[in-house]
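Next up, some structures in structure tokens.
Below, chain A partners chain B and then partners chain C, in two separate complexes.
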Partner chain A sequence: MLSLIVSEGKDLTKEEKQRLRKEKKQQKKIKEKKDDKASQENEKEKKPVTSAAPASQPPTQPTPTKTKAELKAERRARQEAERASKQTKKGETGQQAATSKPKAPPSDLQPVVKRLPEHIQVDNPDVLKKLAKKLERQQIPLRSDYGYKVSLFSHLHQYSRKAPLTQQLSIPSTVIHPAIVRLGLQYSHGIVAGSNARSVALLHAFKQVIRDYTTPQNEELSRDLVNKLKPYISFLNQCRPLSASMGNAIKYIKKEISNIPSNCKEDEAKNKLLNCIESYINEKIILAGVAIAKCAIEKQKISDGDVILVYGCSSLVNHILCKAFEKNRKFRVIVVDSRPRLEGKEALRRLVQKGISCTYVLISAVSYILPEVSKVFLGAHALLANGYVMSRVGTSQIALVAKAFNVPVLVCCETYKFCDRVQTDSFVSNELDDPDDLIVTRKGTTPLEGWENESSLGLLNLVYDVTPPDFVDLVITELGMIPCTSVPVVLRVKNVDQ
Partner chain B sequence: MDLTPIKKLVEYFRDQMKKDPDMASAVAAIRTLLEFLKRDKGETILGLRESLTSATDCLTGVDSSVAVSSGGELFLRFISLTSLEHQDLSRCKKVMEERGELFLEKISMSRTKVAKLCHTFIKDGAKILTHSYSRVVLRVLEKAAAEKKRFSVYVTESQPDAAGQHMAEALRKLNVPVTVVLDAAVGYVLEKVDLVIVGAEGVVESGGIINKIGTYQMALCSKAHNKPFYVVAESFKFVRLYPLNQQDVPDKFKYKADTLKTAKNLSEEHPIIDYTPPSLITLLFTDLGVLTPSAVSDELIKLYL
Partner chain C sequence: MELQAVLMAAGGGSRMTDLTYNTPKAMLPVGNKPLMWYPLNLLEKVGFEEVIVITTKEVQKAMSTDLKIKDVKMKLDVVSIQEDGDMGTADALRHIQPKIKTDILVLSCDLITDVALHEVVDLFRAHNATMAMLMSKAHEFTETVPGQKGKKKTAEQRDFVGVDKSGKRLLFMANEADLEDGLSIRKSIMRKHPRMLIKTGLVDAHLYCLKKAVVDFLTENKSISSIRGELVPYLVRKQFSKTVNSQKLKDDTDDQTQEKNDGPLLISSRDEPLLQLAQERSCWNDHRGDMSEAYHGGKLRCYVHIMDQGLCCRVNTLAAYIEVNRLAPKLFEEPSVHPSADISERCQMGSDSIIGAVCHIADKTSIKRSTIGNFTTVKEKVKVTNSIIMHGVTIEEGCNIQGSVICSNAVIGRGADLKYCLVGNGQHIEPEGKSTKNSSDRL
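For the complex of A and B:
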């Protein structure tokens, strides 16, 4: 039945294609629950229902009500299967397949089917197979996970820094531009770190790619260049998962490229693109930083006698503090730092160089020094659509303690870091860094040296965490000061502009 | 040369306030600005805008409430939305005047709109707590009384000017049973009341409000008692401020205009307003509708961006 429908692929309507997709998903789920006899019975129930659906749906008939009835029957059958298999469910794999399924029926009635992104489905072997196939097609090596993963985070990738992706590449690589290879190495080794720095480096690398690009015969620049960029993006993703700001920058570039008119000459088009990227960096990152600093200083968010607490190294927060110091505001800074990255040391260096008086503590002492603090300034990696702030791990802890002490928390973030995603916890989507970073040698001994040999020991090196909007008092963007709950309003206004 | 129009302006403003004591100070300020616009003999639009800004500044020098400055800013924005379309200055001015009159009309209706929205939240037999003298709250209670609802009101005395007594008298004229309580008795009386309604001098970007001193502790107590805390305010009171705490509210709003001019050491003066953060407010009733505190920022973005 299935093969028949597949051969008629081109003649299927959108509804039928979605039904096909749903069928395939159901087949996958059924394969996973092979041990459960109850689900096998339901399989027989489901198959006639789903195979009846495409057969009984001629594309000419407008059948919205029939679709709903079919969906209801399928949903009921699926719910029974889930209920029956609840006792033998295998943790996340079962849950994920189940969560992706109830998503499918409501979205069938809408044109877009939302799927879970592949980078948070690492424990689903089918998703991994798909990814491997895609990378094979793009001729990019697949990076393998390293070490034992803590079960709560087994759905995320965990790579080792000692095994960079470039070792599996042939140098010079014919598929990937050398600037991108270099960038990927810089990302995976942490040489380029920090949301703004990564985005700017990415945009500069793309500029180099565009400069060296020549349109092949019988191809259009607008389509071919986008296709050329796809394997680069996969490669960079393998080196280190893309940040939200990088994602937005890439969307912008792809849009600009595809908007190039076909009658445009190659040199002109390339110049236009280079200018676009240059202006994006200028407007969204550099000038936005200047505007945010101006807003923070003029609206008296940094006043004389203030004691400001900062966490880690945020380029934007450092910029604001330096500018305020230049305007002769009298304040002192407390830099909070945490292992294993110890990024606070870099922030401390930059501030002390300017002449700002600083104190340095580790995050374990934050409840000790908070009574002295008058304001907390935090940077952000991304601002999510429900008002949650995604930032370096430890940020939500500081926001929580500050709230308990009634100290105002200010987040500084440019609008290009606002993303459409919604997340309420730090587990669903995160990044796992190299677990070997947690190993430290003190007084000649390395306690965690042989951690791989301990079967029940897992090392967790989380990179990001998510802070709820109740802990954040104010977000300073280049559009002005907004409460955390107004992030979707800004996103909406931006979408209207575009 | 520039002083006499300003002096006349201030006189006109004071006259307006005396003529109709029921009118909000911001409305009087906007009327004054409109009059100023009509009398202005400037030659350029930029000059006009500058003189209007300086007029607003001097009005805030007379009455330092938040509402006057926010009303003035909004008036300026409202009329200048069309200023670039016409070539001729006099035509431009005419259009600005018309829009100014329109704006005035809209905001004079705003109190009625607010009363219409809010009175349904007052149930029969309700006990209401309110703070100091607010004309908007008075209008809401008038409407509720007109709808034949039976309710009783507790008013705080609200020192240092005992404005609460004024409110109590006005309510007695409406035949509403009213009790005046001390400011210190708010926690005591809260277990008896069903809801708290206060006015606002200004609504800030975060969704919090600036109001007569004593509002913050009333809000804190009602949160502790789980009683709804409602704020009634007209939309011209929305102001582009974002205080993080009490200290962050600018000095020019905290003290009366005369105190600002004469006091030698401001830190020894007692502030007359305080800031209530949005987490303590249940709902805001405005002429733009019934808003949650987080929706205020949305409305402000629409108004200003």
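For the complex of A and C:
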């Protein structure tokens, strides 16, 4: 923008350059049209473009049906000619600057094409059409949205658990590997929930896919296997939106597959891939968990006499607490739970089974119980690049109240869950769960029974929310204890490593 | 390959011998289609491409000539077994064990249903179950059964089915015949599932999804001969047996050296530790209130899908056969009159009647709520109400047939009056004969 205002002289030369560029483009276009329309060239000759080279005359093909197209072509050529002549006439005037001012900046600065992911553009019919086409190409059924969506979240998908995707698949599933169908069902029913469990189950299913895979003729394993995995990933995405940890695992696998040298034999390649998957799980999930627990316990983050508050059921936090208890630290735990998932009950069961003394409250009682608490341990679904923590809905509330009471908040997260997305609110990108989960029957009555018939009633079942880094005091990862704002550094280091 | 379909079509129809002594049960016409076409159609609609059909040589011959079965686009791998041999359904599975490469879906040829098959298979897939089956609420049969004098209520042996409070997990299954002095439930089941619903009014559709390990188990245990009678109750009981749960399967090598009877049943897949890890890390449990993990740590699980709406009928009695002839045509939107039938204009035909191929229906006949098979001839002034007339029958003038079943190739003489009768194969009813509630196959 500034460059235009600087000096006339510079503008003019730039304008001239642009004009020349445009003229050349138009000439190219008209030439193409002349080549395409192989009929009725006589009329076209009458529409000269200033310096248009006389195109060679292809033989006329008298086809009366082409008259409409021919007329269109004439009109187009005429418009181009007029435009070109206008530009040559108004060459030096300032109007040129005005008319092309809006055109210049886009060509000056490279336009930043902001492409939003499709899963947060559900209310845009074009995006939906594109998605439908892509799924059709991959032969995967499209899952239809269910129920009235609250307006703030109408840009997200909302599915019903009673309409599984398998309804539209053939029963001995041939398009999708049976292990993936089973996995998709387990995701949508919630049998496999929690980001670690989901990633492990995904990698397990991929192992089975790789085992049953045979390279077709004239194809390379490195390219064909990646293409085979794409429809499976779309299918899993339709069953339940992929988590950040799953996304990172998929990226890793795709990279490993495409790095397989082409002269590698199939069995060797498959073994290599299976070993890669095993080592990924071992390093990033199992050993990372062990390292985090060690870090937390040895650095006195769990000391005797502590009262630790946990929210929901995070496999990593449960692991840390169990390990600390084994090392004979004396502490007690307060488990905070929330509807409709009530995952805290499962966390409670696992801790009590080990012998840890626990208290159980619902999230509405958090400000009542917080004066007793000495530390808050939270699990994370993903850590975003601007330091925000994405976790189960309710986590940000707990962090906020803890901050108000000056209680330290520690987030435990493995590094494979770090993703380079940036989010500052919980609205833009989230997941909507089945709204029927909110319906509860007490004493024989179900107040929300006919909620679909109420036009102004919407049920909202959010899954995730983001916690700002000001509320988080420390993030414990297998690389050590880092502040929330160091996440981009870790990501940068990881990218450099790879 | 995920599932292989197995269709059991060797059954003899022991509870409707009047109908089956000439036509094998699998080929009995229902709505002018052979009985085994219905389960084959169900499988085809859902997307199966191959079916293993276990049947007798007689049925195999009949299948090769039947048009409807030739219409079926799936590949039918017919395995024939001896008809006089006392082969139970489990014995048949053992017989085809070399062909079985994956988990199987076992169907019986006499099942007519419009169930959404994915409901049963989803239970099988999602919970990694050893067995998943289909059951349906039983409906009363309202039609009068021909050949039965008075309302004979056969003392049907009741089935007791126990499910957990979600209605999906199968906890208990026993037939009244096996329970001598009362129903006893083991304490271990009550401890794990304190709330159990016991249902008696359910019909077993004989549709089972079984893991491949079960078929391998059958080859080792030759004492089990019937799926419904022995295998299913055994699996249901085995869910809660002590040996199953107290074992912590460590290595694959340990499993293979185990000499236990139920070793093959609990074959762990490769990557069992990964599955175990995923389950440990997952925050899901199928029950609440006690200290055990998901599924109580049990590896053997049986699930059932209970249909409460829709048609699910097993055609193994005469009453069921009549009921199904009424309902089955409504499942499909086919024209009730076959295009090749020759029906005169002065024939009164009700809308819920079905006329088969190459029929001749003469003037002044009235056909209401009936099914008329292929190649039948109906002469003038005949009144057919509420009846099932199979193929190749000739009905002379002036007959009045009500609520009856007339088997193939019978000839009903002039002016006969049949009410609630069952006429056997190839029989001749004398002219002016009057029979009520008669089962005439020995005339």
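What we mean here is this: the second predicted complex is superposed on the first by the 384 of 498 C-alpha atoms of A that agree within 3 Å, B and C clash if a C-alpha of one lies under 4 Å from a C-alpha of the other, contacts with A are read in each partner's own complex, and residues count from 1 in each chain.
We take it that a contact is a pair of C-beta atoms (placed from the backbone, for glycine too) under 8 Å apart; a residue touches a chain by one contact, two chains touch by 3 or more.
Everything numeric here is computed off the predicted structure, so don't read it as measured data.
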First (chain B), second (chain C), both or neither touched by A:S279 = neither
Mind telling me which of the two, chain B or chain C, contacts the most residues of chain A?
-> C
Does the superposition put A:A347 against chain B (first), chain C (second), both, or neither?
-> second
With the two structures laid over each other on chain A, which partner does A:T441 touch: chain B (first), chain C (second), both, or neither?
-> neither
Thinking of the overlay built on chain A, is A:D473 touched by chain B (first), by chain C (second), by both, or by neither?
-> first
Kindly classify A:N227 by the partners it touches after superposition: chain B alone (first), chain C alone (second), both, or neither?
-> neither
Counting only contacts in the complex, chain C reaches chain A at residues 1-5, 46-49, 105, 116-118, 121-122, 125-128, 271, 274-275, 277-285, 288, 291
Within the complex, chain C is touched by chain A residues 164, 166-167, 169-174, 178, 181-182, 185-186, 189-194, 196-198, 200-201, 203-204, 207-208, 281, 286, 312-313, 315, 343, 345-347, 349, 352-353
What residues on chain B touch chain A, complex-wise?
-> 205-207, 240, 242, 244-245, 248, 250, 278-279, 294, 297-298, 301, 305
Touching residues (chain side chain A, partner chain B) in the complex | 299-301, 375, 406, 408, 410, 470, 473-474, 479-483, 485-486, 489-490, 493
